[in-house]
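To keep things simple, chains are lettered A, B and C as they appear, and every chain counts its residues starting from 1.
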Amino acid sequence: MNATSDTSCAWKAWPDPDIVANLRRMREAAPLVHGLTNSIAAMFMANAALATGASPAMIAAGQEVTQFAAIADAIVIDLASITEQKAATMLDSATAAHRTGKPWLLDPAAIGRLTFRTQFARRLLDLQPTVIKANASETLTLAGIDGGGKGADTTVDSAAAVDAARALARRTGGVVAVTGATDFITDGHVLRAVGGGHPLMARVTGTGCALGIIIGAFLGAGIAPLEAATSAVAVFAAAGERAGREAGGPGTFAPLLLDHLFRLDTHDGAR
Amino acid sequence: MNATSDTSCAWKAWPDPDIVANLRRMREAAPLVHGLTNSIAAMFMANAALATGASPAMIAAGQEVTQFAAIADAIVIDLASITEQKAATMLDSATAAHRTGKPWLLDPAAIGRLTFRTQFARRLLDLQPTVIKANASETLTLAGIDGGGKGADTTVDSAAAVDAARALARRTGGVVAVTGATDFITDGHVLRAVGGGHPLMARVTGTGCALGIIIGAFLGAGIAPLEAATSAVAVFAAAGERAGREAGGPGTFAPLLLDHLFRLDTHDGAR
Amino acid sequence: MNATSDTSCAWKAWPDPDIVANLRRMREAAPLVHGLTNSIAAMFMANAALATGASPAMIAAGQEVTQFAAIADAIVIDLASITEQKAATMLDSATAAHRTGKPWLLDPAAIGRLTFRTQFARRLLDLQPTVIKANASETLTLAGIDGGGKGADTTVDSAAAVDAARALARRTGGVVAVTGATDFITDGHVLRAVGGGHPLMARVTGTGCALGIIIGAFLGAGIAPLEAATSAVAVFAAAGERAGREAGGPGTFAPLLLDHLFRLDTHDGAR
């Protein structure tokens, strides 16, 4: 059975007026997004959030994380390059977010064959992430199905993980965004699809992490989870498509992606 | 009272002959600058120092820091992304620099609302940093005034922190450089102002950290603190202005900034 | 005695048909390369590996490293920005690789004046790195000769380290690649030389680290060490030369280098 055939799936794309309005709202709010990650792409994440219009902070010290969690408008927990020490800090933050109702995003990067992070990601599910952003392998793994993940890459088509995403969303009460050639976003009931993007995205490390913090920015602006995830995914795909048309390869693609995140015009489509 | 109205303020800009001569001198010395930071922008900092003409090293291991401090020509301590472990190493380094009279720079990044780093930065003041580079909020906080800092950003105009900078410089016996749309540099008596730069600088993480290590490079070449800070700030502003004219957004701005730091011609203005 | 005069030295360059064939083979294999590093250039390393055609993973957690070592096709150990904690993890990985016969590369970055990493690098020699990639100073230091290293830079010409490289290769039973204006590769008997590259490479931090992980990618595709190192060095030099012709400085050089690693055409030279 094709995972998308048993339900209506609404396609969304920039410059859908709702998405344009959400981007404008996010930029006006300039939310403070706390990125908890040991990712080697932390600078790229921060720059992607800044370019899109948010105010990122990648606070690392244990003493500061709790204090900052209270200040931040949203929290993004990214398991790429996780360490044991980092995991403890992440758990504290997710617990605080869960208790206070602050929106938080989980990026279960590269779970599957690596036992430590896989178990840790499953444990975080109990703290009900507002949004989970994952590729198909990671989504299948989180849902308890063998996803065959190979490092941070996936060999599984995103459509094959839609049922798992829906189940996962129902279990956490949140939203799941499955990334791939087509991105799927679901709250367990409604299903959205976003196309576009560019194949060079898979040749730049940290693009997935960057999308995670941008979803966090939309959440931090007070936009509802399904709309926040859909808008961020569509914004990211549009910027990626434009960057891909201009880039000479993955090296120039990365700065051009940031340029186009910055240049998306919220005065166009919404008027 | 306007903070700049009670004193003469000398405007400086590239290609002032003294600044050109200082850049030439720094490039000839190619000083070894030790960057102590956990900043996610450490690579950008190292690349900025390399592009300008210095020889940066971002040594991290506790065992190596002390040994390297003795070799380095200048030490740059940047609190962005500080951890408790890192703080201990930074304190050792600053103590060694203070004892041996080696120039060192303090970048009290994001102090204000975060208690740990704020207290740590205040403690480092006793070790008399040769130069403090800070935005207006951070300068006010260091001087004991509520600066309203929001993460690494500031909402306060640099001119509003000039009096605090002057007091701070008198207290430490060093130089304070307050960054903003206009940058102010003071040794507690003389006041310098540098304009230029580009608004895109605020949309790229780590530009402030990069300026810090470039000031460190001028210090490491044996240039007097007030001249070192003024020259580095003017060089950075000129490169930023040129990059801003060519960039399509914050993504392409960052590599173009490095290009222009590299391409500033010391044979032009001084002849 | 000129270090290259006592032996025949074969010059190699892209698009030598063997090198083109090796790149094609590596891209088809898309080997999983595990980068063990605390390098500030870890993102640049991962992006260089991705651009060239490999699948890099920069796993950091102690618990995961051992598990990942079993999955990875090759392991790259890079001492830039090493810490004591990281050293323990690296030793475990190198030991596992040595025991199971998995290819691994050692990049003894910045050894010489820093005692901790110098002793650690010498200790790793007993685990017989498949390839050592080092500049002249680092090669001399590893061979027990004072190399006069200054941070990660070198003031010694690569040709002056050829005898030391040959002795080192005989001792470890592996291959040594000495980088410089001319790169030399030897297994202790055969000597290869690769020219090209571009002076801007020395003005971008992490280019040496990036070459290391690309050699690791060729090793991970099952290519014999001497051919793997020669091919990677030639591929890197060709991409660097092309990037250097287009770049406006070190800032734009880095993304252009990644573009050209990606764009090297394996259908050209081999047909």
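Basically, contacts are C-beta pairs under 8 Å (C-beta built on N, C-alpha and C of every residue); 3 or more make two chains touch, one makes a residue touch a chain.
Note that the structure is a prediction, hence the values are computed from the model and not measured.
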| item | value |
| --- | --- |
| Groups of chains joined by contact, in the absence of chain A | one piece |
| Copies chain A and chain C touch via same or different residues, half shared test | different |
| Centre distance in Å when chain A and chain C are each reduced to the mean of their C-alpha atoms | 34 |
| Touching two or more other chains - residue numbers and ranges from chain A | 43, 254-255 |
| Chain A-facing residues of chain C, complex | 32, 42-43, 46-47, 50-51, 55-64, 67-68, 71, 254-263 |
| Touching residues (chain side chain A, partner chain C) in the complex | 38, 40-41, 43-44, 81-84, 110, 113-117, 150-153, 203-206, 247-252, 254-255 |
